[in-house]
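Shared between the two complexes below is subunit A, which has subunit B as its partner in the first and subunit C in the second.
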Partner chain A sequence: MIEEIRQKAKELLAASKVDMVIGYRRSGDGVSTVPAFIDSAQDVDSLVWDQNCVYNLANYLREFPGKKIGVVAKGCDARAIVVLLQENQLERENLFIIGVECGVTDISEKCAACPRTVSAICDILIKEKGRKSGAPGNEKDAYAAVEALEARRAEERLGLWREEFSRCIRCYACRQVCPMCYCPKCVADQTMPAWFSKATSLEGNFAWNVTRAFHLAGRCVDCGECERACPVGIPLRDLNKKLEKEAKELYKYEAGSSVEAKPLFASYDKDDPKDFIK
Partner chain B sequence: MSALGTDSMKDDKKMAADGGFEPNIVGFLCNWCSYAGADLAGTSRMQYPPNVKIIRVPCSGRVNPLFILKCLMDGADGVLISGCHIGDCHYSEGNYYARRRFAVLKNFLEYIGIDPRRFQMSWVSAAEGDKWAKVVKEVVEDIRNAGPNTISAEKK
Partner chain C sequence: MKIGVFVCHCGTNISHTVDVEEVAKAAAKLPNVHFATTYKYMCSSPGQALIADSIKEKGLDRIVVSACSPSLHEKTFRKCLEEAGINPYLVEMANIREHCSWVHSDRAQATKKAIELVKLSVAKVSRSKPLSKSFIPIEKRVLVIGGGISGIQAALDVSFAKFPVVMVEKEPSIGGKMAKFDKTFPTLDCAACILTPKMVGVAQNKYVTMHTFSEVVEVSGHVGDFTVKIKKKARSVDLKKCTGCGACYAKCPVKVTSEFDEGLGKRKAIYVPFPQAVPNVPVIDRNACLWFTKKTCGLCKKVCAIGAIDYDQEDEIIEEKFGAIIVATGFKQFDHSVYGEYGYGKFKDVVTGMHFERMANSSGPTGGKIVRPSDGKEALDVVFIQCVGSRDEQKGVPYCSRVCCMYTAKHATLLREHNKNAQAYVFYIDVRAAGKNYEEFVKKAQDEYGAVYLRGRVSRVFEKGGKLIVRGADTLSGSQIEIKADLVVLANGLIAQDDATTIAQMLHIQYDKNRLFTEAHPKLAPVETITSGIFLTGACQSPKDIPDTVATASAASVKALGLMVHDKLEKDPLVARTNNDLCSGCKACYLACPYSAIEMVEIEDRKLKRKRMVSRVIEGVCAGCGNCTAVCRMGAIDVEGFTNRQIMRQIEAL
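Take a look at the complex of A and B:
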């Protein structure tokens, strides 16, 4: 696969079809990868592709307005691109999406339950050899952790989240790594008004984590990057997945499935649930 | 002092004179329907509990989920959003958007372990003073039963 990725990148750069290709290269430790920003056809050989390609590269696309960018996109990266297009954050004609069929189900825990390993949107799809094309991902148990939590008593849930949130050090790595966390001024950084405490108090941490997750409702594509980035191991995907499940169950909405669809909270239906209102 | 410059409700007396728990509830009422409805309840001299502190907003669609969180984190025992009935919103569709986002927020808060009784919504028109009084009675009772808010209270 990597040869095909390099070949395509070379072709695009040489023909000046793109100004830059964003992919992955090996990091200093010789094992993991970091994002690579390649702007010359000679450099394409530094591109790599393996199960260490964890970063969601959609996170970088907004940084090059007006430039033509080629981007290597796994299933989750592509879904994030769809969300960003829906929200008018990117110009489709400035993107060349090199979709990669992502059969490496051990990139991280989330991959084990990833429903779509093929890019939702792409200009070329690079297939994994030996994999039946279009073979579906593994969707079973996608909500097992959420359901297990739902089944517990309310006090237990509160106790559990209080404990998790109390460890948060407010580094905001979860925010920085998320392609959809692009607000020019995050509420967590606002001082007028300051919506919640900036100190690592339980109150501030609680508010921060609930706010982060909720602002991604209907937008999070479950790339899992926030959870991976969190230095204190807060199970952020268990928050994200609950919201994903709600969007699906209440509104049949799935983030990142259609560029044309209106975002979840920018639309409504006359038949939306109403029984919770007096 | 909380960050918004208001005194934190955590410090408010939560106990009534007789020792029972008196919930402190924040109400976000849309200007055009529920606020007028509450006004009508008052001018009609209807009796209902005084626990809801009302904040007037232009429309239920104006209510940001952060408002709810802010109230709960600063110690309010409950939050009530009230707006025009579906079809009557003065901005046509504000309450549709509100309904959609707060259905999700309610379930999410419950998932985190926050008693769903602490966050409620109602549609009350300008003519429904009696409904407003009824809604407030119910909500106050609900939240009284849910007990004082200890969501973000530091462990003793």
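Take a look at the complex of A and C:
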């Protein structure tokens, strides 16, 4: 697979079809990877592809406005690109999406339950050899953690989250790794008005984490980067998965499935369920 | 900052339950409150004078009136502030009546709540900004979409006030459905006799420009300044040259079924839809014409002495500006093919009410004889079936079409007038004849014209021995009956036009589940839409008879004229505003805005040193509903008078 990725990157750069290819390269420790920004065909050999390619590369695309970018995109990266296109943050004609089929590489825990290993949007799809195309993960397990939480009483859940959020150090790593957190000025940093406390009090922490989850409703593509980046181990994916489940059940909406779909919260349909309005 | 709090007794409406003196005392202790007092009726002249005097004497710069709902008296107090010399938008109302005294009985608790409400208003007003009204210039021209009776009346009414009107009609002639009718209920005037003078009135009116055989294809802009693209379809006949002599269609060798005669008669490939057509200029049906299909014939061009035939004419798109739009796109007859039991399509002698109109008309395809289309013999026993499509949630529409009971009574009357020996049978569910002289008209059809009314549904229509057997229930006698009929006439309901949703989306107006256009308020704004500057008339909003259609046309005209007489429109400044620094250009507000009041524009970002897209509010269109601010994650779009800072301050004050 990696040979094909390198070959494609080389081709794109050599033919000046793109100004840069964003992929993964080995980091100094010799094991993990870091994002690679390659602007010369000679450098494509530094690209790697293995189970350490965790980062959501969609996060970097907004950094190069007006440039033509080739990007290596896993299933979740591609979904993030779809949302960014939906939200007018990227221009499709400036992107060359090198879709890579993943899943078998078992990048992280969440990949085991990922039903969508193939890029939702791509210009070329590079497949894992000897693997049945698009063999999905076990979707049944996707909401197991959420359902376990739902089964508990409200007070219990509140207690649980208070405990989790009390550890938050407001480093905003979750925000920085999230491709959807692209606001010019995050509500957490605004002062007029100050939406919630900036101190690491439980109150402010609670408001921050819940606000971020709400702001991701109908947008989160479950790349899991926030949870991976969180230094204190808050299970942020559980929050996002809950809202993902709600969006799916209430509005049959799945983030990142179509560029043409109207963003969930910006659209209204007269058939939308109303029974939850009391 | 010096805030003044004025607590109203509202007679005893408030003071009965709320200790207003206590409220004023508590208010006086709130931050920035300089003065607090009470008065019996704050909205009265002395009450307002109290506020005005206090502003002057005590130097108050922001006011909280603790009284009733702002929907009642906010305007009153804004004016009061303005007259006292401070910005009218620096007043907040704490509603301690509807939200407090009227809904509570415990005096101590109610007083406590009233104090909380005042606290909120004080918090909010402390973050209020002086705002000023804006003005939108008005293009003094009105567009009328649709040239039926409704559009015609609207155009005439607007032109009477000497404002230019442009009428767009998709058919080759104006006149609409009414032109097809024979007589009109409940007076039985001839439809053409009362309609054609109005049609001619439109054609001869120097303030009205007609675009027939044309369609509106694009609408942009907002109240006072709409830009509209109109497609003028190729007529193949020069409107300016043609004298309407008729030589062309006399010679045309191609005959096709006539839409105007509901398929009962024939027309030529070059034709005027009906003799009184306005404009009286033919159009070539390019799908039927031999020149366009086979490049042969060309007779019409040869016989036209003045050279008005133009085979090379092409569709043309023109762009015009308007200050207001009147939508008069009318209705469509319900398609009853879903009612297999009535045998339409299977039996030629099962027809619709519209067919009956054409047959009854002396210039129609049968020359005014009510006949059986199958053999051309005169129809003697005629069964009318009511509520075809109407009041039927399963197969049709849930609503009552309002006109069918009446037009059926009219048909029953006309039947007997055309033939003394004919007999009408009417199967009905209820007779709905609510209108001036309507009940009398139905009664007359029964008593004087011998129409037999049978309360019940028809279960089946079938053919036997050259007659149609109508089997149905007479629920009043509780018996099954069969009628041998020569002709069955279905009273089809009125439904929305096929392209209703396209038109609604183009105009940014709402439509309901039946695709009928939605008025701004079902009772108090029946001809307005939520998009200001766009008005509704006639059956595109709901089924209407001619009197109601004409009345709404005049109503819509008055609304449009109300705009026309102003040079500019005053606009409340309580509209949304984008903060470019915070806006990411994600378009959420643009999509969420029900008024299309948001556009996406490119700005030069000096910090990023590049261009980027942000949203911008078109002030003239914004209604200040706040949808945009609710969907904006970054809080980049804010509604003046309800800013995030004001609301946050309120929350903090609690």
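Just a few scattered comments:
As a convention for this text, the second predicted complex is superposed on the first by the 274 of 278 C-alpha atoms of A that agree within 3 Å, B and C clash if a C-alpha of one lies under 4 Å from a C-alpha of the other, contacts with A are read in each partner's own complex, and residues count from 1 in each chain.
Everything below uses one rule, namely that a contact is a pair of C-beta atoms (placed from the backbone, for glycine too) under 8 Å apart; a residue touches a chain by one contact, two chains touch by 3 or more.
From a predicted model like this one, the values you see are computed outputs, not experimental measurements.
Placing subunit B and subunit C on a common subunit A by superposition gives a clash between them.
When the two complexes are superposed, the chain touching more residues of subunit A, out of subunit B and subunit C, is B. Once chain A of one complex is fitted onto chain A of the other, the partner contacts of A:P65 are limited to subunit C, with no touch recorded for subunit B. By the document's definition of touching, neither partner reaches A:G30: not subunit B, not subunit C.
After overlaying the two complexes on the shared chain, residue contacts for A:Y268 are found with subunit B and with subunit C alike. In the superposed model, A:P184 lies in contact with subunit C only, and not with subunit B. Using the contact criterion defined above for the overlaid structures, shared-chain residue A:L250 touches subunit B, although it does not reach subunit C. When the two complexes are overlaid on their common chain A, residue A:L149 makes contact with subunit B while staying clear of subunit C.
In the superposition on chain A, A:E87 makes contact with subunit C only, while subunit B stays out of contact range. For subunit B, the stretch among 39-47, 75-83, 111-119 or 147-155 that collides with subunit C in the superposed model is 39-47. Common to the subunit B and subunit C contact sets on subunit A are residues 187, 193-195, 265-268, 270. Considering their complex, residues 65-66, 87-89, 182-187, 190, 192-195, 215, 262-263, 265-268, 270 of subunit A touch subunit C.
Residues 513, 581-592, 594, 600, 610, 612-613, 631, 633-636, 644-645, 647-649 of subunit C are the ones touching subunit A in the complex.
Interface of subunit A with subunit B (complex): residues 146, 149-150, 154-162, 187, 193-197, 201-203, 206-207, 210-211, 213-214, 217, 239, 242-243, 246-247, 250-251, 264-270, 272-274, 276-278. Chain contact summary for the complex, subunit B toward subunit A: residues 3-5, 65-66, 69-70, 73, 86, 93, 96-97, 99-101, 103-115, 120-123, 135, 138-139, 151-152, 154.
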